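What follows is chain A paired twice: with chain B in the first complex and chain C in the second.
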Partner chain A sequence: MKVISIDKTEWANGIEKTKSIYRLFGPVKENTWHSFMPLGPGEQPDMAYGNSRLSPKFLVHPQTEPMFEYNLDEKQADHHVLKEIPKDVSPKAIIGIRPCDASAFLLVKRNFDTPTYKDPYWLTAYNSLTLIGYACNQPCSTCFCTTAGCGPFHEEGLDAILVDAGDRYLLKALTEKGEAYIQSAGWATSAPSDADQSIEKLKSTAEKAIASHVSTDKLRNQSTTQLYDAPFWEEIAFSCINCGTCTYSCPTCWCFDIQDENHGKCGVRMRNWDSCMYPLFSLHGTGHNPRGAKAHRVRQRFMHKLKYYVDKYDNGIQCVGCGRCIRLCPVNIDIRKVCNQMNSYDPAACVCPV
Partner chain B sequence: MSLYIDKIKETAERLLKDGSVDMVIGFRKGSVPMMNEPCFIQKPQEVHQLVWDSNCGINLANYLTDRKEKIAVVAKGCDSRNIVNHIVENKIKREKLVIIGVPCTGMIDKRKIAGMFDKPIDAVTEDGDIILVTSAGKETRLNKTDVLQENCALCIHRNPVIYDELVGDLIEEQTGIDRYAEVRRVEAMSPQEKWQYFEDLLSPCIRCYACRNACPLCYCPTCFVDESRPQWVGKSQDPIDTRTFHFLRAYHCAGRCTDCGACERACPVGIKVRQFTSKLNRDCLEMFGWEAGLTLDQRPPLDTYKPNDPNDFIK
Partner chain C sequence: MQNPYLPYPVKIDEIITETEDKNLKTFKFVFINPADEQKFAYRAGQFAELSVTGKGEIPIGIASSPTEKGFVKFTVNKVGLVSSFLHNMKVGDVMGIRGPLGNSYPWDVLEGKNVVIIGGGFAFTTLRSSIIYMLDPVNRPKFRDINVIYGARTPGMLLYRDELAAWERRDDIHMHITVDATTDPDWKYNVGFVPTITEKKAPQADSDTYAIICGPPIMIKFTQPVLDKMGYGHDHIIMSLENRMKCGIGMCGRCNVGKEFVCKDGPVFTLAQLNTMPKEY
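Now for the complex of A and B:
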């Protein structure tokens, strides 16, 4: 598609114009990190950012999502009836989302939008979004997107991609939604004919700057039970403190727990993020816990992302290589190491202690 | 530091070889700058993995809870105090432990250092009291004393309080430290200011429980926030529930907290969790002359009753 050239002095003005149509979200600096925040009048996204500390998944899948409300007051005609809470379907745009995080939405969509099940909350929120991506010229040392089915200039999942080309941005629409956003901003200057080459050059530099990689080629052919019984889980899990940092910061973790919360005679049925790291996650009503030990829970997280998902969807790993879990893990458990260990596991060569 | 490392490896190897212990719990080199990973070593030929530097802030007492093996554990001052707590609270038996004591010169604050540079940090090394940070290909020298974790800068128990082996000479403890200036600052606020202050402090919380799980004191089989029958605390992002978690957890640590800083270090969103525990530590010191984890011979103040208790309500 056509590439638009935006002089950096015209950028803020265009963003401002789109606010009459879209509710905007973008990276905002808080202390020493960035978070995706609503951009009110006069507020601009901070385009000098690396990536946000937590992923922007909460814009589609909030940590707490009220679904229904009800009342328990029998004097009321509609008591004990669940009533759906209306959702905001107005157009929203995320400015500056990184390709990995946008790609993560597509990955999660495979789970929330299937021929059998369609998650209305997730889909409503996702469909109302326009994703104006921001190519990574300078990836972080913990990024491994190029071997996780993604990349610093990856376009899939984005509606438009913005490239920082020094004194100007190059913006390429990728979908009709992207085109519509660009039009509403009033950016119309066609980029010079060599823009595609400039983008290619920046892309190749960025890809080369990604120094860490994972190997995933053998995961699909590994035997699930042999991998499940592999001797390395105790060692991998040892340092884990079973907090939810990895799952809550991950753009592709989608698990939730449904709760009713009453306040007097009124109540809300909501869903909250949940984490496979927590013992309560798999605790049965009988009191039995199939994942009663820490090592079981750590294994579950990695087996889900790197084996069960791979087998179920045949579409790579359930990870986009953003590196957040590596950066934020309080005890330095590194998914790159675990992935390589799982990929190269050879049960025949394993000498188990007798 | 390298002398410490040699001595840690040598001790670990000897203890594993002569069968005194089944495993050694220590640190191995991390995969990102300013992070080491807790690990266990069971074979003498694997002790080469063990490291020691200013990135060993995780409290290893957390890894001892209810373990049945004979364990050698590498312990700096605060770890050793939490080991004392664990022994007093029957979470580990003294005779099951060989404590490899490390006189500690403090751990560096990875967030503070990261915040000093515009670009990501590529590598951090140290040479005595100098921390060498490489960012964007440029090396910067920092004084370790300027970039310590706050709890380490305020620490007056750097030497292990209990040990069987020592990896270096005991060091001089810091004196003349004003440890509770922050507590006084918050105490001086009006109720409205305090409310706002705590609300702001806790607003980034994502309820991941990293603070709780990194804390050696938090070993309850089921935490009160995880109880479902009855469910004491809601699980949403409701600020009331978030506050309930943090305030109640802090009270559970009263008279037990060693100010090891594990909670703050673990928090992915940088909440100053110690703001709560420091106040309780100061109260315990003022009211009972008590600092947690210094002795095996005395019950903690909230675990015992004395007729001369300074609180009026109890009399």
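Now for the complex of A and C:
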């Protein structure tokens, strides 16, 4: 599709125009960090950012979300019967989402959109979104997207991709949704014919700037039970405090809990983010816990992302290389190191000291 | 888009206290919208989420059989918040059922085969469903010998005692009921742990004989070596797993054993399958 050139002085005006059709979300600086926030009239996305502290996954899978409502008053008709809550399906657009975070939606979609069951909450929210991505000219030191099935200019999962080319933006529509957004902004200046080459050049520079990598080629053929029993889990988990920061900040973590919340005679059935880092996540009613120890839970997180997911979908690892868990982990557990350790694990070479 | 989290509204039709410790009750539910019964078409071995409005949901094996019409039955152990509340509910109360969920016992494989059912304690619910299903006059000719080994701590802890007695009187099912111990002078069945009775009573293994085991971990732990000794192949030993669940449809992420979700890919696995999976259950 063709590339549009937007003079940076025209940018804000176009964004403003789209607000009549879309509810906009974009990066906004709060204290030291950027977060994806709703952009009201006159509010602009702050395009001078690396990446947000938390991924914008909450716009599809909110941290807490009502599923059903009910009343417990036996005098009311339909008491104790759950009723669906109407959801906002109006068009929304995320401006400036990084390619890794958009790509993460596609990974997560495999969990929520299956041949047997479709999750209506996730899918409705996802389908109402238009994702205007923002290519990373300057990746962070913790980014390893290029070896995690993604990249700083990765297009899959985006509706349009925006590239910062100095005094102007180059914007390429990738889907009809992206096309429609660009039209609503009124940006119509075709980029010069060498725009594709300029993008390629920036892309190649950005990819070269990514200094850290993971190896994933051997994960598929590793034996699940041998990896599960590998001796390194205790050591990896040793410093972990099971805080769950890695799971909450991860754009590809989707685990959730379902809880009923009553207010007098009324109530809602909620779903809330949950985390495999917590013992309650898997605790049986009998008191037995299949993942009762910290190391079991750390192993679950990495095995899920780097082995179970790989085996289940045969479509790469459940990680886009955004590096948030590395940056935010309070005890410096590094998924890159764990991934390489799992990938290169050779049970035959592992001799335990007697 | 159909919402897989939305339960069918049901009414409690009957509550039976099953065991002498009063910790196990069977709840018979009828669908408030009669058309929902058809949508809930299930197979023996599946489970459902019982939704107690205002408290939450619990995954429970379906104790009624697909051949029983007009109601569904669940036997619930009093354990946590939802099950304790449910135990205090009364006939006529409204709640919900979501399902059927999970796979089932492999009825296509079991057809034309000898079936040995080995159950212990309150894990007998989906086994009851299976027995009623196989004994249905339409289905009985599809199966060869049926043996049932079922044990509980005491006679008063056995589930479905009237039905057990009725099955004892039939000649098309071999019942081997046992208790760990009893002082009841009228007890006329076996005394001994399930693995011991299995060794004595279960038929020898052959390629046409399948064992379905459902019980507490300790029973499974000691029964499996007995079956090994008798020559049962691991693809002929069928087990039903439990893990903590919420969604029941393979999405919320907590009940996985390796890459399989107990709620969606299970709860029924052969021992051969389990041997390739981490022991995380």
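Convention: the second predicted complex is superposed on the first by the 354 of 354 C-alpha atoms of A that agree within 3 Å, B and C clash if a C-alpha of one lies under 4 Å from a C-alpha of the other, contacts with A are read in each partner's own complex, and residues count from 1 in each chain.
We adopt the following convention: a contact is a pair of C-beta atoms (placed from the backbone, for glycine too) under 8 Å apart; a residue touches a chain by one contact, two chains touch by 3 or more.
Here the structure is a predicted model, which means the values were calculated and not measured.
Asker: More chain A residues touched by chain B or by chain C?
Answerer: After superposing on chain A, more of chain A is contacted by C.
Asker: Touch test for A:75: chain B only (first), chain C only (second), both, or neither?
Answerer: neither
Asker: Based on the superposed arrangement, let me know which partner A:259 touches: chain B (first), chain C (second), both, or neither?
Answerer: A:259: touches chain B and chain C.
Asker: Quick one: is A:241 in contact with chain B, with chain C, with both, or with neither? Answer first, second, both or neither.
Answerer: First partner only.
Asker: Taking the contacts chain A makes with chain B in one complex and with chain C in the other, which residues are shared?
Answerer: 257, 259
Asker: Can you list the residues on chain A that touch chain C in the complex?
Answerer: Where chain A meets chain C, its residues are 67-68, 70, 72, 79-82, 84, 111-112, 114, 116-120, 123-124, 224-225, 228, 254-260, 262, 267, 269, 274, 276, 281-286, 288, 290-291, 296, 300, 303-304, 307-309, 311-312.
Asker: Please output the residues of chain B touching chain A within their complex, sorted ascending.
Answerer: Residues 30-32, 35-40, 58, 62-63, 111, 114-115, 120, 122, 204, 206-210, 212-214, 222, 226, 228, 234-238, 265-270.
Asker: Once bound in the complex, which stretches of chain C touch chain A?
Answerer: 1-7, 9, 32, 51, 53-57, 77, 79-80, 83, 93-96, 217, 242-244, 246-247, 249-259, 264, 276-278, 280-281
Asker: Please output the residues of chain A touching chain B within their complex, sorted ascending.
Answerer: Residues 30-33, 50, 53-54, 63-64, 140-142, 235, 238-239, 241-245, 248-249, 257, 259, 261, 270, 272, 275, 278-280, 326-328, 330-334, 336-337.
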